[in-house]
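Here come two complexes built around chain A, the first alongside chain B, the second alongside chain C.
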Partner chain A sequence: MIDTGSWVYDYSSTFSHWLIVGIAVILVSFLIQRLLKKLGMNNEASTGLALIMPWFIGFLIFNVYPFVASFYLSLTEYNLLSPLSFSNLPELVGFKNYIYAFTEDPNFWPSIRLTLLYGLISIPLGLAGALGTAMLLNREVKAVGVWRTLYYLPAVLPGAATALLWRWMFNPSNGLINTLLSPVLKLFNIPNPAWFTNPDLVLPSFVIMGMWGIFGTTTVILLAGLKNIPNDLYESATIDGANQWRKFLNITLPMMTPTLFYVLITSLIGALQYFTQALFITTPREAGVFINVYIWQQAFNQQKMGYASALAWILLAITLLLTLLVFRSSSMWVFYESDVSSGKKKKSKAKIKSSAQGGA
Partner chain B sequence: MSTELITGKPTTREKVEHKVKVRKPMGRKRQKTISDIITYILLALGAAIVLVPFFWMIRTSLTLESQLFDYPPKFIPSPLVFQNYVEAWNALPVSFTRFTMNTLFVTILAMSAEIFTCSLVAYGFARFRFPGRNVLFMLMLSTMMLPGVVTLVPSFILWRELKLIDTYDPMTIGAWFAWGPSYVFLLRQFFMSLPKEIEEAALLDGANTIQIYAKIMLPLVKPALLAIAVLSFIGNWNNFMGPLIYLNSGEKYPIIMALKFFEQSLSKEAPKFHYMMAMAHMMSIPLLALYFAMQRNFIEGITAGAVKG
Partner chain C sequence: MKNKIILMFSIVLVAGFLLTACGPAAEPETSAEEEKVTITIMTWAGADEAAELQTVIDAVNAEATDFEIVHQANPADYYTKLQTMIAGNTAPDLMWLSAEYVGNFAKNGALLDVTDQVAALSDMPAADLDDYYTGPLNVANYAGKLYGLPWIAQPVMLYYNPAMFDAAGIGYPDETWTWDTFKDAAKELTLKDEDGNITQYGTAFNGWPPVHMFMWQAGGETISPDLKNCPVDSPEAIAGAQFYADIIYNPEYAVPQEVIQEQGFGEMAKAGKVAMFFGGAADDLDYAWQNDENNAKLVMALVPKGPKDRTTFAWTAITGVSTQTEYPEQAVKALVALTDGIHHWKVLAPRKSLATVDVIAASVPGKRDSAPVIIQAADSMRSFNIIPRHAEWDTIFWEQFQDPLYHNKGTAEELATEIRPKLEALLP
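== the complex of A and B ==
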């Protein structure tokens, strides 16, 4: 008899499944290569397709199927506990769930509002702060590696640890933040802010906590972008007498737009998927919860899988809409050096120079 | 050095730069020192903002429970209670030894499968021409935009129908299907930067695709592999949504779930922040150690995709 309660059993059963699936994935890739070759495909194409098979199979199982199924479920009132089979699919109820979310659900708009406002405030602040930090690090400072290592630290910390730590630092009575602020607070006779426990301060508290993380990935990526700006652009601007501010406006910003664009997209997607930290911080009910937390609650606490799927689809629509908006607007503000192809490179430099001169 | 700059011919980039600076002799140097000082002050300020919360975490983890809510809080508590770590380790009915083992088990399985398949897929996308390659690659990147909650419910139903709820399978087996699209993207960038002649020479010598991939290509992208190994380790170590949905039995919890469980049960009425900070610190130590050991490759790896893209 196998002791089903022991860790040996837990681990060995998953390990054997894991091993079998791994071998199966490799075998399927091999077989597909053989099959495609038999069908007359050349060696290179069949090998390439076989190599991407692990992703493609996973794409079908973990993306396409859930994608379709989740849309179907969003049109039903499927409940977590009711049995499910292909002969007995949950009944379609039309767009009832969507209509309920938009018109009746008292918690829907607050969570959309909280999520969007969090993104709207924290992303620009984060980008500005990270760009500032990256520019400081780019100023020929000594031991840049040490600073960079330090600044990346918050990103290594688990989200759960970050959330608990900031909840503790925001403690109204004797948290670190209020202790440090107390001289200022006393001066203006302001009572201690209650941060995460005051509905009006929940959003600012999340934003401040989020700012701590911007030093991480964003700063490091922007710094790499800054290092890629050719130095001669600044040199010619200096010769033309441009001051620091003009150089920033006419060289640094335009040259950084591709990197800023990348960071903007990733932080937008990140903000719309905010989950772990939010779940480790209890906030007053009236402040609302982040949409991902709300969806999770609906699906697994309330067992309303159908409604949760509808909410998830609304979130997907918002994500696509905002990403598309950023992509569309990118032609207006993102400057690619390859646009000004190498032959015209001198011209673009001249343009930057003249505008730098014009302002100086 | 300055005489060399005034007289020397501006042949290199640096010299041009210095010569430009020499043009305005007075005040320029002083201005430079002042702006340097401001730079270092700002950098130190930023470092303080980064480090003080870390300090606060460790400080709290060493505080006596009765002093936890003292006002004003002491910056260095006395006595320093290292015993908190031992007590936190055994604060739950299941010991943290088991939680740590669970986390390591899931992380290692998921990470190794992820690195293996992501590198194969990236190699396929980078080096082989096949019909639909660009469409498939764009499709893969666009899955990054798909919110996790959209696929959550159907995935849960899938694992439930397979009778694999409350096992580690949902958190490890999916990794065989090249989980992170961003890792594939990163590795593809690295593969594409390698000269094609390497493979052509090996092909002439009679090596097959597997040999070329394993013996020639993989060693050449080692920095990128190490970077995604670190990213994947951190990602799986901190995975919360997975265990939250799929695991029910406490003894199967990874550390993050143990922390959540402690936070909402034993620490609910009177928050035991000294234990929670000790747990949070212990959970972070492996990640911090890994980061410090690998940070050079790691930083190079995470920035490669963003800047060139």
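== the complex of A and C ==
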């Protein structure tokens, strides 16, 4: 008799199915390799293509298909209660969902506004904070490894856990922040701020909370960028009598622009996709909701998956647009050392050419 | 030659594997009793509730000859998971649904029409539809068909703190209480210290209890029974909404919003900071003090009477059968058997024959003293009239009527007139 209560029984069916899928994928790769060889491809190329086949199949199933399907669903009135199949396709409504979002939905623009404002405030603050922290961690101080580990710790904590932690810290009556602030505020007869419950303070609260994450990944990336700045630049500047501020302004900042550019792009995308913490912290309705949370609410609370898909595509378009703008602006402020080197080479080549011509 | 053999062997193997992997999942194990099929039920039960439910399920399974119920508890993000499972064609056979989800699930084909099958099982106690209270049973109906059985109907009751009433010299709430009596008492029970700080609140509203209840009590409706109109702008409906708006967050009678957000809604009543609190009949407010002396002693009473009647809102949930079930016959049998089991566990079972002090006390011993009042309230309990787009309807009703009304951004009449066409646009 099978012990239906044991975990081995619970998972054996799933395990065997996936084992079969795994073996099948390996065999398909093997068959493809043989087929490509038969078609005249050399051994190295056919083996390479066969080896990337599992990833390619996964990419098609788990990335391309949902991507295409979500666009199709954005043109329909779909909810999750009717399983999708070719015989049971949801009703096509054209661009109705998009038009509704832009013209009628009272919550769409406030959500976009809140999300963009969050990005507009938190990204520059975060970049400045992370750069400052990275510069501190770049100094040769005692136990610098410990400090670096400590600053990276927030990045390894789950978003939900940090959201709960911050919710407590922001508690108006017994949270850590107000406990620390209240003696000062009392001096000026100012009441304790009601962080997440006062609609005017919701955005600042999220921005402050967002700084927490910056000390993780962003600082580490910027630290790596700082390490890549050649020391001889600073040495030359010191000989020329440059002070610390001048060194920062003329060496550190320009040399860091490629890294800052990368971090800016990832922070921008991260800000537009802000979700976990916003989902876990209830805020007053008039403060608005972040667009990603709104998409989730439409999909699962309002059972409007088609509309939620349209909102997701609008978010994608906004993200693409802003990213493109940042990319376009990069030629004005991002400084690549390689450009200077190649520019020098071009210059010296031209010099050589002109001297040669002059010589002639 | 050797390569060709390997190639052919591989093709056969791949085809075989793919056919096996893509095929339907293996039939559920039936163990020694061949005829017993597995019926899964998905619920939002938390750890303690799930353990109690398992006891009920074990008893049902012991009696059953052709099915075995397996419980899948998903207390977090229940509806997200349930909808995703339905979309993936892996829905549980049975599922718990709160009233507001029934219409949408039924209309979109996620729930099985069990009208005939339940009628055929009328010898089982929970299949006798005449025994159900009308309000809760209506929740399981959509377009004249039955899509499940209600397993709970929790009428809203008025919990009061007798010590605070004694201190203020006010008589306890009883059947003579009307809206005016309630409002006057709430005002008298809101106390301030010498510095003007409020030390005790008369009552607490926070979107709960639902404003619908007061609109019904005044003779109004939010969605008409035939689902054709939303007469939220009728004088009766407006009277109910205005009564609610006059009290909610008003420090003369009730707890302000920011204090609720700081200290918790139900927690304030339990901690003895609120004199009168509207709670569900199953809430532990009337017996939690017996287990923990930090909880205030509260007593249950009927809700005050409105201009028309004493209708009380009943939070209702049903168990529905999925259209994706492989075993519809056994699933419906399991539904009826399990519903009867749950009716002997939860307060209040939505069946008239089970509305007795003994049954309620056997389900929840702490409720013995409150049982007579609960039974009395059951006669006038009802739920929402549910439409398939209820979630959207409710969002508009909250965001464009209730919320602005409670924050003085318009009168009940203005707001109701404005939202009525928007609400009616969502009717089936």
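To be clear about the criterion, the second predicted complex is superposed on the first by the 327 of 360 C-alpha atoms of A that agree within 3 Å, B and C clash if a C-alpha of one lies under 4 Å from a C-alpha of the other, contacts with A are read in each partner's own complex, and residues count from 1 in each chain.
The rule is short, and it goes like this: contacts are C-beta pairs under 8 Å (C-beta built on N, C-alpha and C of every residue); 3 or more make two chains touch, one makes a residue touch a chain.
A quick note: this is a predicted structure, and the numbers were derived from the prediction, not measured.
Once the two complexes are overlaid on the shared chain, A:173 sits against chain B and chain C alike.
Of the two partner chains, chain B is the only one that A:276 touches; chain C does not reach it. When the two complexes are overlaid on their common chain A, residue A:56 makes contact with chain B while staying clear of chain C. In the superposition on chain A, contact is made by A:319 with chain B only, not with chain C. Of the two partner chains, chain C is the only one touched by A:194; chain B is not. When chain B and chain C are set side by side, the one touching more residues of chain A is B.
When the two structures are aligned on the shared chain, A:335 is found in touch with neither chain B nor chain C.
In the superposition on chain A, A:98 contacts neither chain B nor chain C. In the superposition on chain A, contact is made by A:84 with both chain B and chain C. When the two complexes are overlaid on their common chain A, residue A:300 makes contact with chain B and with chain C alike. The residues of chain A shared by its contacts with chain B and with chain C are 13, 17, 21, 84, 173, 300. Partner chain C is touched in their complex by these residues of chain A: 1-2, 4, 9, 13, 17, 20-21, 23-24, 27-28, 30-31, 34, 79-84, 106-107, 171-173, 194, 197-198, 285-286, 300-304. Residues 3, 7, 10-11, 13-14, 17-18, 20-21, 25-26, 29, 31-32, 79-80, 83-84, 86-89, 104-105, 108-110, 257-258, 261-263, 324, 391-392, 395, 398-400, 403, 407 of chain C touch chain A in their complex. On chain A, the positions that touch chain B within their shared complex are 7, 10-11, 13-15, 17-18, 21-22, 25, 29, 41, 44-52, 54-59, 61-63, 65-67, 69-70, 73, 84, 133, 136-137, 139, 141, 145, 147-154, 156-161, 164-166, 168-169, 173-174, 176, 179, 182, 212, 215, 217, 220-221, 223-225, 228, 231-232, 235, 238-239, 258-259, 262-263, 269, 272-273, 275-276, 279-280, 292, 295-296, 299-300, 305, 308-309, 311-313, 315-316, 319-320, 323. On chain B, the positions that touch chain A within their shared complex are 13, 16-17, 20, 35-36, 39-40, 42-43, 46-47, 49-54, 56-57, 60, 69-73, 98, 101-102, 105, 109, 113, 116-117, 120-121, 123-125, 127-131, 133, 136, 139-140, 143-158, 161, 164, 167-169, 172-174, 176-179, 184, 209, 234, 237-238, 240-241, 244-245, 251-252, 256, 259-260, 263, 271, 273, 276-277, 280-281, 283-284, 287-288, 291-292, 295-296, 299, 302-303, 306-307, 309.
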